[in-house]
Every structure is written in structure tokens, then in C-alpha cells.
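Have a look at the structure below before the remarks.
All chains are identified by letter, namely A, B, C, D and E, in their written order; residue positions are counted from 1 within each chain.
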Amino acid sequence: MTLRWFLLVSHALFCLGVFGMLTRRNAIAMLLSIELLLNAAGLNFVCFSRIFSNAQAQTIAFFVIALAACEAVVGLAIILSLSRHAKTVFADEAKLLSG
Amino acid sequence: MLLTSLLACPLLGMLLILVLPKSSVRWIRGVAVVATGAALLVGLKVLGQFQPALASMQFEERASWIPQLNISYYLGIDGLSLPMVLLTVLLGFLACLASFGITQRQKEYFALYLLLEVGMLGTFLALDLFLFYIFWEIVLVPMYFLIGIWGGGRREYSAFKFFVYTLAGSLAMLLGILALYLNTQTFDLVALSGKASQLGLGLQKVLFVAFFLAFAVKVPIFPFHTWLPDAHVDAPTPISVILAGVLLKMGGYGFFRIGYPLFPEGAQWFGSAMAVLGMINIVYGAFVAMAQTDFKRLVAYSSVSHMGFVLLGLASLTSEGLHGAMLQMFNHGIITGGMFLLVGVLYDRAHTRQLDAFGGLGARVPVYAGLLIFFSLATLGLPGLSGFVGEFMAFVGAFGVWRWQTMVSIIGVVIAAAYSLRVIQQVLLGPLNERWASMPDIGPREWITVAPLVVIILVIGIWPLTLLHLQDTSLQQFIAHVTR
Amino acid sequence: MPTGGYTIAFVILAALALMGAVWTVTLRNLFRAALSLGLALIAVAGFFLLLGAEFLAFTQILVYVGAILTLIIFGIMLTAKFHQSGGSVGRQPCGWRHSLAGNDITGSVVNRPPLPAGIASVGLFVLLTASTWSLPEHLPDAGLAPTTAALGQQLVVLLVLPFEVISLVILVALIGSVALASEKQRFSR
Amino acid sequence: MIALLFIPGVPLITAVLLLLFGRRIGKASAWLTVLALASTFFMTIALSDLVFAGNRIGFSWVWLSQASANWTLGLSVDGLSWVMLVVVTSIGTLIALYSIGYMHHDPRFSRFFAYLSLFCASMLGLVMADHFLLLYACWELVGLCSYLLISFWFEKSAAAEAGRKAFLTTRIGDTGMLLGILILFWSSGSLQLGNLAQVRQTLDPHVLTLISALLFFGAIGKSAQVPLHIWLPDAMEGPTPVSALIHAATMVAAGVYLVARTFPLFTPESLNLVLGIGLATHLFAATIALTMTDIKRVLAYSTISQLGLMMTALGLKAMPLALFHLCMHAFCKALLFLGAGSVIHGTHQQELEHLRGLRHFMPLTWITFLIAVLSLSGAPFLSGFWSKDAILLQAQHTMSWVFWSLVLGALLTATYLLRLYLRCFHGSPSSDAKHAHESPAIMTAPLVLLAIFAAGIGLVGSPWMHHLFFRIIGVHEMHEGIEIGMVALSAALVLGGFWLAWQVGFRRRQLLPASLRPIGQWLYQAAFHKYYVDEFYDKAILQPFYAATRAFSRFDQKVVDGAVNAAGSGTWRLGQWKERFDRLIVDRAVNGVATATRNLGLLPRLIQTGIVHPYLLMIVVAIVALAVGVIASQ
Amino acid sequence: MSGVLLDSLAAWWPEVILSAGALVVLLTAVWSKRGQIPLILSWVTLGASAWALTQTGVSSNAPFFGLIVCDGFSLLFRWIALGSIAITLLMIMASQEVRASMRGEYLAILLLMGVGLMLMVEANHLLMAYLSIEFVSLSGYLLVGFPDNARAAEGALKYFLFGALASAVMLFGMSLLYGMTDALLFPELLQKIQPAAAAFPQGVLLAVILLLVGLAFKISMVPFHLWTPDAYEAAPMPVAALLSVAPKAAAFGLLIRFLSTLAPLWQDLYPIFSSLTILTMTLGNLVALAQTNIKRLLAYSTIAQAGYLLIGITAGTPIGVQALVLYLIAYLFMNFGAFACAVAVVEQTGSESLDAFRGLSTRAPVLAFACVLFLLSLAGIPPLFGFMGKFFLFGAALQAGQTLVAVAAVINSAIALYYYVNIMRLMFLQSAGEAQALQPVPALHLALGVCALATLFFGLFPSSVLSWLGPIRLVL
């Protein structure tokens, strides 16, 4: 079992997240994709922490989880606000801004 | 402190005007006149104390300003800058008098006007390259507003064109200044003329071109001249006077103060191009002037033509040519300044500048007619008037070096006569156009603004040594330095 | 853990994670997509376990699956009536029940055309893989993995600053979100 | 000798005074002018002793730069210039006097005399100049005065136009002169007029030829030689005294004076040019003069023709003779013009059609006019005879074809002058002539004085006075005695001219055989239309020139300025385009053709809409591209 | 142990005070929803923090076990952060739009954002870098979304989505970088980057680029700039002003620190920077030309300004960095000033169109005058502060042999003149017509006055600012 395979998985997760960001029109779905991105990064950190036997890298993954929570909260709040005002959750349907 | 007080006069005037209430027009005008008049007096005092025999800088003032970069507040005067300073304070004062015709937003007008004078004077006084650049750029902003707010016609377009054009040129100079500093570690122009001329030929060429672009726009040199007709035409009369009289000289002065002494080899390398450009300016400007139907536009293009002589004289690098170039700058300021004042007088009365709208005014307004003829003759380079001396010397100087360029340029003299006479003919001669049957002749205030110019034109035309001896020593040193 | 079992576990987890991720980004039904994300997250937690990061694995399940995902699902339900594109609000009765059933989320309007995005993502993947291919391949023994205790030590001593800072971040996120998401009329009137 | 400054200085100061305070001075300004000019005349006379002794009196001052001695301007008087001084001051004084009467009713009376004084000052300066620069300056100034005086009655468009034409045409010549001066300066380093003989030694003959030809080009303009002669006939729009002084006696002769003054620079090649131009002008203008019907125009063409004769003399290397003829011509032509002025003053007509039989009404005018005509025609022993005779003689000695041409010219001269005379003063009086009155004494007195000169002044150059004139200007070897053959020839020419004038000009007889009449008619028409030179210049030079100026102007607006504006608006458009790129192209490119077609209908909305996904995609693509770029370039 | 923490705190008091103050503001906000108390407390907090910052010496040892550094470089940026917050606070006080929905939370988040900004420039550890960026980003999203309207929500959402992607990419890059170097602390990274780059040339570069994306996003570097106009347009003006200056400045600080850590890779990275520098300013300027909305115009203007700032990085010399910091300080004043003018106009006319500036010289002379000052400074006309910055930046570029960049910058300055002068044209050359005179707002005028004075004074006498830059010794 080698690092390469772990990395393949994390890269795949990351790229799927990117794919989701690019294709999902629903803002909440995009939020889900962001979680995938962050997870991929977290997985990387844990892999490498394992290789280098570095506890600090693992804690970074911990912080990432916490920050992911924050992002999710803020993102959802914004989406709720938008849905209340603009009656839509589609990121590309909000069209008040002219550019 | 003489030079600082020269700068301080208009500056203090500006600050004073800023605190005056908008409605007290009389006071504002008074302050402006006093400020420019004081500058004129200080300028005359400088002239009185100036020692023409000294080749070095005089009235030097130096104070550290940005020590980290060796930048100092460094002013000084020599024979090259003195005529320009005199021109500035004189036209500054006269145009200020002529500005009494401004009827709206006087407070802003005079404040900007005085700021403009500060910038112009500073440009001619600065001996620190950085300081020079600052003053150079300061001029742009008030000019923009002065044309844009109080101008006529397509004033916004013209003002902006002037701004952008000149700034684009100056930015090239900015790069040049930086590159120069990086290579010499100083902004001191006096020190630079020693240090920079040691630079390699390649670098000198590049730097010269960078500075050339800035000066070329100001002079203006074909093909960078198209801002000029627009700006001149749309500016209010006093500003046209300043624009033609002083602003264009900043470009020529730049060559004298920076372009040539700092990069002698570069300048010599560029000499043939300079001569050709001078030739194009002279002939092309004259041709285009000939076709104009708007009086101001015609004068504007004649400026293009006349500034060509400066280039031609510069390119020659001979004593005569350089004397001619310097003299031509001064003369052009005086003559074209007067010309614009006269156009303004006419425009105030007729509200048109179309040449073919006039005719036969010679009988109706004889004094004005006499003045217009006088200035037209000065424009066409009539001997005995100052314009001739500059042009002739430029020709004499340039002919030995740039033969065919000079020969072609001589065509410009003929065309200059053609368009000047056309002005006289269309405005003054022929049967009187009945529209102007009740046009009043020139008034006392207008007289006062023009009369000193008439005297100067005559004095220099008959006895050019009055001006030439001021610049002679400096020019000889200039030649020795550049052609060493 | 023997190598063979390790590999089998890895393969299973990888399959789960990728499957969950693919579903997350492709399923038309948003609710199902969220659940698929949960699957992927759990699989990642499994990876953490495989890598000897037990504490993280539990945190992952607790915080992510337990909190974040729940929050998101609530969000989906709160905004359910808008999960239909075209701004046709209130044209037809639709509530969160409908969205759960995937009835009203129809057709191509849910997603953007996948081709350019797919190309870009695959490109990114190829790039990432190609440039990390040469990393050292071996994984050291599990015994060397940092322990939970070491983790705690890190958090309260060396990383005390980020620990404090993240509390501030969470504070910001919470008060901001509350303020943002709440009906503000009563405050601003 | 600083007193030399007074000679041009006094009229100059007068001019300035009159310009500034003319209206206040009023009628007295005329007398001021007369006084000033008379004083210059007497000053000139006072110099005679020094000049006769062969001295060169000079005065110089530093003008431009102390550094170089080249710019020490000076005035000097030697024989050559002294003679010119005498001509200018004497004729000037008389004409000023005459003008008092002629301009009596003019509203700009004092202005006229101001200009006149200014002209005299400049002309005197020109004559006395000891430096090319000063010469050139005065050269231009006399041109200016000519311009001002031609356009004096500027309400008449024709007068205004004529002034401009005169100034510009001469200015074209002046540029040549300026160029010559420049070449001279750069090849010899000196612009002093006093040492031209030494300069000649040091210069390459080709350069000399070039310089002298260019200087001569200036003379062509000023002296109205072919091809720059067109301005002089039009200049007759000016007041007649002006025509007399400037466009007959003095200024137009400045060209001749210039060549004479710079004679040492002229090489055989350039002298041939002078000869050719002079001779061509002489004959060409004479034929036109034959056909003119305006009294002043006849005289104008006569002037051109006579100037051509002087040039011819110069071309024959007979500089003293040219100068001599210049002086004689000056008096005769001034008198002719003043007589014409008197006629015009008396009849308010200047077309020959309306002038007949004036001799009964204007006897003094008639007599003086006749003297002038005869003198200029070369009737023996009158002034004109001596100069013309000498030139003919010179031509006979050098080139016979020139001689015969000159003979023809002399015949033509006699013919047109006598034609003019006959048609003015003889025949039954026309209606206009019947109301004519003799001019006041203030006008006739100068006529009489000038008539005396015109008749007798030539004697100073005659063998009878031992060629005094030539000795003054420093030529001592003149051959003594009078050739009887020449006298006879002259007399024959005058008589022949008289016969022709009588038959053809006065009595309108057809002398040509019928077969040749169409050719004669054709020739007459051509001459009558001045050989269409004006028309040709208009078509070949002026129209193209104006077209060129307009083209340049359009070029400036459309191309030079247009380029700037285009650059400006191009940048502006680029900005808009880039924004669209941000908004639209990115979106379309990434969504593929299918989406693009779908979006076409939604275009306006898309521009309005903030697009999230294409932006995101762009970010991802940019990341990939950047990474690939960096890694690849590693 | 506690000794280390106490020592560390000594350098970190300003942040501590700011955080504590923010909490107090938050608490008071619960009681007094709309009172002045939170506002006053905010000012007190800012003042105290500033005072603490003056007391903070420059320490060479890195506090908190090396996680952050409080050197001269970060000190300058901390001042910039505090200054931005203070000016924003002034503008908030003046802004009707914000006051309508202003609550204690708003102020607390603003103050906390200050902590984040300071952390960004102090970060000396990958985690701290990521954490602080997220801190600033999250508060940024919230501040944008605060006004109770759809536009704000939409802008916030867009900002959030772009930001989240960018920071996720950055985090991923960090993870890869760590995986190849086994270093989290910057000094450690500096030592290990060279061998790592030798071992995994592509991997390291890829990781670095992913990492830089997050920062590029924050400084609106093309092609990561697209969020900028939308977010600014949606945000209340004071917040837009804050976003245009503070996070950008902090991101530049962090970027410089990063790059000086990655100095061995500079040879490979600099082509990207030089080309993107040119692209950023050109694109920003060109698109700004076409704008008719003042907020969008200023947004694109800030993109172009970021391009100029990037010159300092492209130059890669100490002079370049100093020039960048100098320009940042100038930018702080002039950009805030320009936004403050826009606030005054937009608030009172209710229109964001450029037409609202028409005839301002007669409607509000002082405001118009100040506005001209800022615009000219942004355009780089001497003797204003902006010119000094540009002067140094161009000089740095030339000194580093980046002539192309310098020339491009010069051409861009000329292009930029158009839209700056266009506003001046509307204000001074056009008549006001029907438009009303503007009422002076004291708080805003204070902000304007401070900015104008600084713009003018430091333009005329830049030596004092230059002496502050002396300690900066970072080399890329």
C-alpha cells in the first residue's frame, strides 16, 4: 500500500469537487462540492503527517474541519439570505449585479 | 531666497484666493494681479542682479528634500533659464490682466491660474531633475481645468486631449529620469550634466529618446502636435496666451536644460532626426496653417511652424543656431502671445473667429489694425522685429550642418508670409463687412496688455543683443559641453 | 493490520469515497447528493483510521457528518421551495417533501453542461497526479503515527494561537450567520 | 562715422513719429516728411567730398554676439551707394512734395507719409548696408513698405490683393537670396559686403556661381524680372506717387543695385544667367507694354523692361553702365509716373480710351511727360540716351546678337512710350479730358524739377563731363568720345518708334499684310493677356499650392490627429471588448457551440447577468494553464 | 511554557485588545441595538489597539513558537490594517445605508477582521496563513452580505463561492507543499524548499502555484479578479472601500512573505508574475474605461492598482518591496479617499451612476476638490502621494531590469488617466443642472480630510514615510 494511491484518491476527490463547483447551479450543491475540496486537502495532510510522523500536520486537518464548518455556516447563511430576498438558490440566476 | 520668493508670489496669491469668499470678485482679481505683478517685479530684480558673464548657476538655493534619494529643493538660474523666467512672469502678468474678461467662477479661475504660474516658473527654475518633473506635471492639472471649464467649442475634448497627450509624454520622461537616477545616483542637474554624459552611447540614446518624447509633445513636434490646435482654439484667450507663450517653451527648454547637456552623444546621434523634424514642423505647420479658416487655429498651427525653428537651431549645435533657438523661443512667446491677445480682442467683439466673417476692419478699428499688422509682420519674420532675428540665426546656424533640411525649411518662411498676409487681408482689408460697422476699437485694458509686447518685439528686433548677451556665456558653455 | 487486509480496506474505502463524491456532484436530487457527501465523508474518515489518525476520524464523523451535513440538509429543506430554476416561484406547490422525492428538480437546468467542466477537472487531475507521481511511495509503520495525546499536546501548547484564533473565526461565523440569516426587519425598523 | 546713422535715421524717426502721432500732426506730417527727406538729401550731398576722393565711409556696431565678428553690422558709403543715395533722396524728396498735392484729400494722409518715410529709411538703409544681414533686413523692409503702400487704399479688394501678391512674389525671390547669404556665410565665414573681392579669391567657382545665382534670384523678385515679374503691374493699384518712387525709381531697382553691389561674386556662368533673364525680360515686357491700355500699366511694363535692360547690362559685365542706366531710368520713370499721376489727378481716368488730347489742358504735364518719354526712348543727348547708348555699345563690343536684341528692345521702348504719349496728349480731347485741369503747383513743381534732371542729368555720365559718374563709382577707364553711329542709331530708333506709334498705336493703322494679320492678331492677344503668365501661375502653382495646404490640413485632421483619436477610441473599445470577453466570450467558449447558439437568444440578459460558473471555470483553467506553463518552461 | 506565551503576548497586545474589544462590542450590542455605545466602544478599542501598537517593539524572535513574526515589515502592515479599519469606521458612521442596518455585530466583525488582517501579515506558518486568510475572507463575506437586500446577498454569495474555491485550492496547494517538504514553518520551508524542488521539480511548482492562487484571488490579480466588481457593487460602499484596501494590503504582505520563503523558486515563478502584472493592470484599466457605475469603476480601478502594486513583487528586490509598501500606504489613503467621495455622492443622490458626479464642483466644492486630489493621486500625478509610490515602483522595475513591465505600467498610467479625468470632467466641467447641493457629513469629511491631507502631505514630503520603510529587508 503506497502513498501514491492515497494521493490518487485525494486528487480524485479534489477534482470531483472542482467538477461540482463548475457544473452545479444550485448554490447548496456547490457548498457540498466545497466540502469535497476541503476533505481532499485534509486527507492529504493526514497522509503526509503519517509519512513524516508529524503531529502538527494532523492538527491542521483538524483545523480544516473546523474551518469547513465555519464556511458551511456562513455559506448557508448567505444562501438563506439570498433565497429570502431573491427567491432563488441558483448561483447564476441572481442577476441584480450587472457584471 | 530670491527665486523662492519668485515661486512664492503666485503660490501665496493662490492660497489667499482660496480663502477669499467666492463673491468678492474684485478682491480675487486684485490678489491675482498683485501676485503676478509681484512675480514680475521679482523677475525684473533677478534680471537686474543677474551677471551675464558668469557661466555658472546664479541665485542658487538648495535644501534637502528627500534625503533618501538625494533629492533636494534646488533652484538656480543661468542664461538659459533667465529668458524663459522673464517670459513667464511677463506673460503671466499680462495674461492675468487679460483674464479680467472671465465672467464666471473667478475664484477657481484665478487660483488655478496662479498654480499654473507656479508650475511654469518652477519648471524653469528647478535644477533638480525630480523637482523639475514635479513642476512639469503640476502644470498639467490647472491647465486641464482652465481649458475645460472656461474654454469654448469642444473644450472638454481639447482639455482632455492636452492632458493625456502631455502626460503620456511625461511618463516616458519619468522612466528616463528613473533610469538616469539608477545609473548616476543623483537628480542634481548640474552634477548630472557631468555624470550622465559619461554614460555609454546606447544608454544615452535610449534616455535621450525617452526625454525627447516628453519634450516633443510639449514643443510640439510633428506628429505629436495635434493636441495643440485643439487646446489653443478652445482655451480662453489668456490661457491660449500662456499655452503658446510659455508652455510650449517648456519643451524647448527641456532640450536645453536636460536633453542636450545630459546626453550629448545621444543628442548628436539624434541630430539629423531633429533637423528633419524641425524642417517638417516648419513646413508642415505652415502648410496646415495656410488652410485654416479659424483665426485661432491658424495661429496655433503657426506656432507649430515657429517652434520648428527652435528644433532646427538646436540640431545645429552651433553658436548661431542655439542663440537663434533660444531667441526664437522667447520671441515666439511674445509674438504668439500677442497674437492670441489680439484674436481674443476680436473674438470678444465679434464672437466669431472665422476669418472670412471679417473684412475691411482696417478702417473701422485703426489702432487694432495697426497692432494686428504689427504682430502679423512679426509672425512672418519681418526684419526689425524680433521674430526675424531668431529665425535668421536658426537658419544661419543650421545651414552649415543640415543643408538640405534648412533649404526646405526656407519654404516655410514664404508660406508664413502667405498666411500672415492672409490674416491681414481677410480681417482688415477689403470693403468693410457691414456686420461690424459699429465695432469699437481696442480698449485701454487691452492696450496695456499688448503694448509691452510691442515694445519688446521692437527692442529685440532692432537690438537683439539685449537678450542675447544674457544667454551668451551660458550658451557658449553649453556648446563646449555638448560638442566636447 | 496485515497488508492484504489493509489493501482491501483501502480499495473498499476508495470505492465508497469516489462513489459518494461522484454522486455528490452529479445527482439531480439535492437531498440525495447531500447524503452521498455523507458517504464520501465517512469513507474519508475511514482513510483517517487507516492512516492512524483515530482522533481525526472521530472528529470527522462528529463534526462533518454530525453537524455540517445536518446543517446543510436543514438548509436544503429551508430553501426547498426555491430549488427550481427559472425564478418560477410559487407557480406550483412544492415543498421540501417534493424535493426530497426529487419530483420537482428536473432536467438539465440543475447542472451546467458538463463537458468543459469535465475537461478542466480531468486536466487538473492529470496535472496533479503527474506532478506528484514521483513522491516517495512507502508508508511507514503505523506505530510511528502521532497519537491522540500528541495531538492534544500540539493543540494546547504549540498551536495555542491558531486554536484561539479559530475560536474567533467560529465566533465571527456564528454571529455573522445568525445576523445574516435571521429576519432582520425587526432589528432595522 | 556715426553721422551716417542719420541718413536712414531721420526718415525712420519721422516715420515712427507719424505712425504714433500722425492723426494729431495732420497735414504737417507731409512737410515733416519732405523736410526729413530733404535733409537726408543734403547730408548725402555733404558726403560728396569724401566720396569723390574715393573714400569708403563706414560705421559699424556689434549686433548679435560679441563672440563672433561676423555679426558686426555696419553702414557705409562709397561711390556706388552714394549715387544711389542721391537718387533715392532726391527723387524721394520730390515725390513727397508731389504727394502733398496728390494725396490731399485722402483720409489717411499722415499714414501715407509715415509709410513713405519708412520706405525711404529702409531704402537708404539698404543702399548703405555694409553687411548682408542688414541688406537683407532692409530688403525685406522696403518690401513691407511696398506692400503697405500698394494696399494703401485697402478698401479696394484689388489693391489689397495686389499688395499681397507683391509681397509674396518678392518674398519667394528673397528666400533665394537668403539661401545665397547662408551659403556665403558657411563657405566664406563672412557676410561683410566690403570685402567681397577677397571672398571671391577664396571660394570655389562653382560655389560662387551658386551663391551669385541665388542672390540674383532675390534680385529677380525685387526687380520684377521674368519669371517673378507678375507683381509689378498689379502694384499699380497703389497711389501713383508710390508707383513712381517705389515701383519705378528706387525699390525695384534694388535688385540691380544688389547685383552691382555683389558684382565681385558673380562668375561668367551666373552673369550669363543674368544676361539671359535680363534680355528676356527686356523684350518680353516691352511687347506687353505695347498692348496695354492703362496708362500706369504701360509704365509698369516699361519699368520691367528697363530693369531687364539694366540686368542685361550687368550680364554684359558692364556694371557701371547698368548703374548709370538705373539712375537715368529712375529720374525718367519717376517723372513719367508723376506725369501719369498728374493726368489721373486731373482727369480721374487712367484708361487710354478716355484720355486724348490732354496737352491743351495740362501743358506742364504735357511738356514734362514728353521730355521723359524722349529721354527714356533714348533721343540723343537726353539723359536716357547716354545710358542706353553706352549699353548698346557695350553689347556691340561683346555679343552681336545681344546688340541686335537690344536694338529691337530700344525700338519697342520708343514705340510704346510714344504710343502712350501720343494717345494721352494728342488727338481730339475726350470727354474726360475736357474736364481736366492742370495739377496744382505743388505737383507740377516736382515735375519740372524732375524734367530738368531727366533731360540733363545724363550728362554726368557723358564724355562731355568726362564720365564723372563712373569716376564716382570708381571706374576710371571709360572710352572717351561719342560714336556718331550710335547717335544716329538712337535717333533712328526714336524716329522709327515714333512712326510705329503714330501709325499703329495712335492712328490704328494695320501695317501687316493681310496674310500675316491672324498671326499678328494672335500675337497681340497673347501680349495683351500678358502671355497668360498669371493664368499659368494660378493653374500651375497657386491652385496646386492651395490644394496642397488643404490636403495637408485634412491629413493633419484625419491621419495624424485621427491616429491619435483612433488609438484613444481603440483603447476604449478594447476596454469594452475585454469586458464583454469577461462576460460573454468566456462563457461561450466554455459552454461549447451548442450552448452558444442557445445563448444567442439570451444575449442581452447574459450581459446583464453576473455569471458565476464561467468565472469559476476560468479560474480553474487559469490555474491549470499557469501550472502547465511554469512546469513546461522550467 | 507560560513564559513563552507571556513573551509572545507582549508583541501581540494590539490583536488581543482588538479581539477583546470586539467581544465587548458584541455584548453591548445585545443590549443596545442601535445605540451609540458599540460605536464608541469600537473607537476606544481601536484607539487602545493603536496605542498598544505604538508600544510594540519590533522583536526579532518569533512569538507563539514561531507561528507568527512581529517584525518591522508586519508592523507597517498592522498599521495599515488598523488605519483601514478606522477609516472604514468613519465611513460607516457617515453612511446612511449602513447605519440603517448597522448593528453591534457589524462592528464586532469589523474589528475582528482587523485581527485577521494583522494575522495575515504576521503569519509564519502555513496553518496561520490559511487560518488568517479564511478569517478575513469569512468576515468579508459577512460584511458584504450584511445589508438587508437581495443585491448584497447575491454579491456575498458570489464572493463566497469564488473565495471558497480559491482558498480550497490554496489549502490543497499547502498540503502538497507540505507533503514535499515536511515543513510548516516558513523558515523551515525556506531551508527545505531547495532540496524538495530538486527532488520533485514539477510537484513543488504545482503546489506553489495552487498556493498562490488564494493570494492572487485576494489581491484581485487577473485572472482571479472576476469577483471584484460584483462584490464591490453589492457591498455597502464603506465595506467595498475596506475590501479594496485592507485584505489586499494584507494579502500583499502575506504574498511577499510567502515569496521570500520560496525565494529559491523565484526564477521559475517570476515569468508568471511579470506577465500577470502587465495583464492585471492592462485589463483593469481597459475595463474600467467602459464603466458607468462608480462602484464598478472603482473596482476595476483597484484591479489596475493591484497591477501597479505587483510591479514591486515582479521586481523582486528590496527596493521593489519597499516601493510596494510605500504605494500601499499611498493607496490606503487615496483609495479610501476616492471611495469616501463616492460614498458622499452615492448616499445623497441615491445613484451609483457616474452622472451623479455631474457638477459636483458647485454642489460640494470641498468634496470635489478632495476627490480631484484622490483621483489625481491614483492617476499618479505629482506631487501627490500616489505619484511617489509609482515613482518608486517604476524605479524598482527598471532597477531590476524589468523594462517591459515599466513601459507597460507607463502606458497604463496614460490609459488610466482617461477614466480618472472623466470623473474630474463630470465634476468640474459639466454643469450641475437640476442636481441638488450636497450636505456635508462631518464624519465623512473627517475621513476625507485625513486622506486628503495624507495624500498631499506625504506627496510633498515623502521622506518620513521612506524612513519607515528602512527596516524592510525582505528579498524575494
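Observations, loosely collected:
By our rule, a residue touches a chain if its C-beta (ideal position, glycine included) is under 8 Å from a C-beta of that chain, and two chains touch if they have at least 3 such contacts.
Keep in mind that what you see is a predicted model, and the values were worked out from it rather than measured.
Chains that count as touching both subunit B and subunit E, per the definition above, are D.
Touch-path distance (fewest steps) from subunit C to subunit D is 1. The pair of chains sharing the greatest count of C-beta contacts is A-C.
For subunit A, the chain whose average C-alpha position is most distant is D. Distance from each chain's C-alpha mean to the overall C-alpha mean is smallest for B.
With chains reduced to the mean position of their C-alpha atoms, the one farthest from subunit E is D. Rounded to a whole number, the gap between the C-alpha centres of subunit B and subunit C is 71 angstrom.
Centre-to-centre spacing of subunit D and subunit E amounts to 75 Å, using the average Cα coordinate of each chain. The mean-CA centres of subunit B and subunit D are about 35 angstrom from one another, to the nearest whole unit. If each chain is reduced to the centroid of its CA atoms, subunit A and subunit D end up 94 Å from each other. Residue positions 568, 579, 582, 610, 612-613, 616-617, 620, 623, 627, 631 of subunit D each touch two or more of the other chains. Within subunit E, contacts with two or more other chains are made by residues 127, 131, 134, 138, 141-142, 145, 148, 154, 156, 158, 161, 165, 169, 176, 179, 202, 205-206, 230, 418. Residue positions of subunit B with contacts to 2 or more other chains are 164.
Under the touch rule stated earlier, the contacting chain pairs are A-C, A-D, A-E, B-D, B-E, C-D, C-E, D-E.
Remark: subunit E residues 154, 158, 161-162, 165-166, 169, 201-202, 205-206, 209-210, 213, 217, 223-224, 226-227, 230, 268-269, 271-272, 283, 285-290, 415, 418 touch subunit D in the complex. Residue ranges of subunit D in contact with subunit C, taken from their complex: 590-592, 594-595, 613, 617, 620-621, 623-624, 627-628, 631. Those residues of subunit C lying in contact with subunit D across their complex are 112-113, 115-117, 120-121, 123-124, 127, 131.
Of all residues in subunit D, only 19, 62-68, 133, 136-141, 144, 147, 151, 154-155, 157, 160-161, 163-164, 167-168, 171-172, 175, 178-179, 182-183, 185-186, 546, 548-550, 552-553, 556, 560-561, 563-564, 568 touch subunit B in the complex they form. By the touch criterion given at the top, residues 126-127, 130-131, 134, 138, 141-142, 145, 148-158, 160-161, 164-165, 168-169, 171-172, 174-176, 178-179, 182, 184, 229-230, 233-234, 293, 296 of subunit E touch subunit A in their complex.
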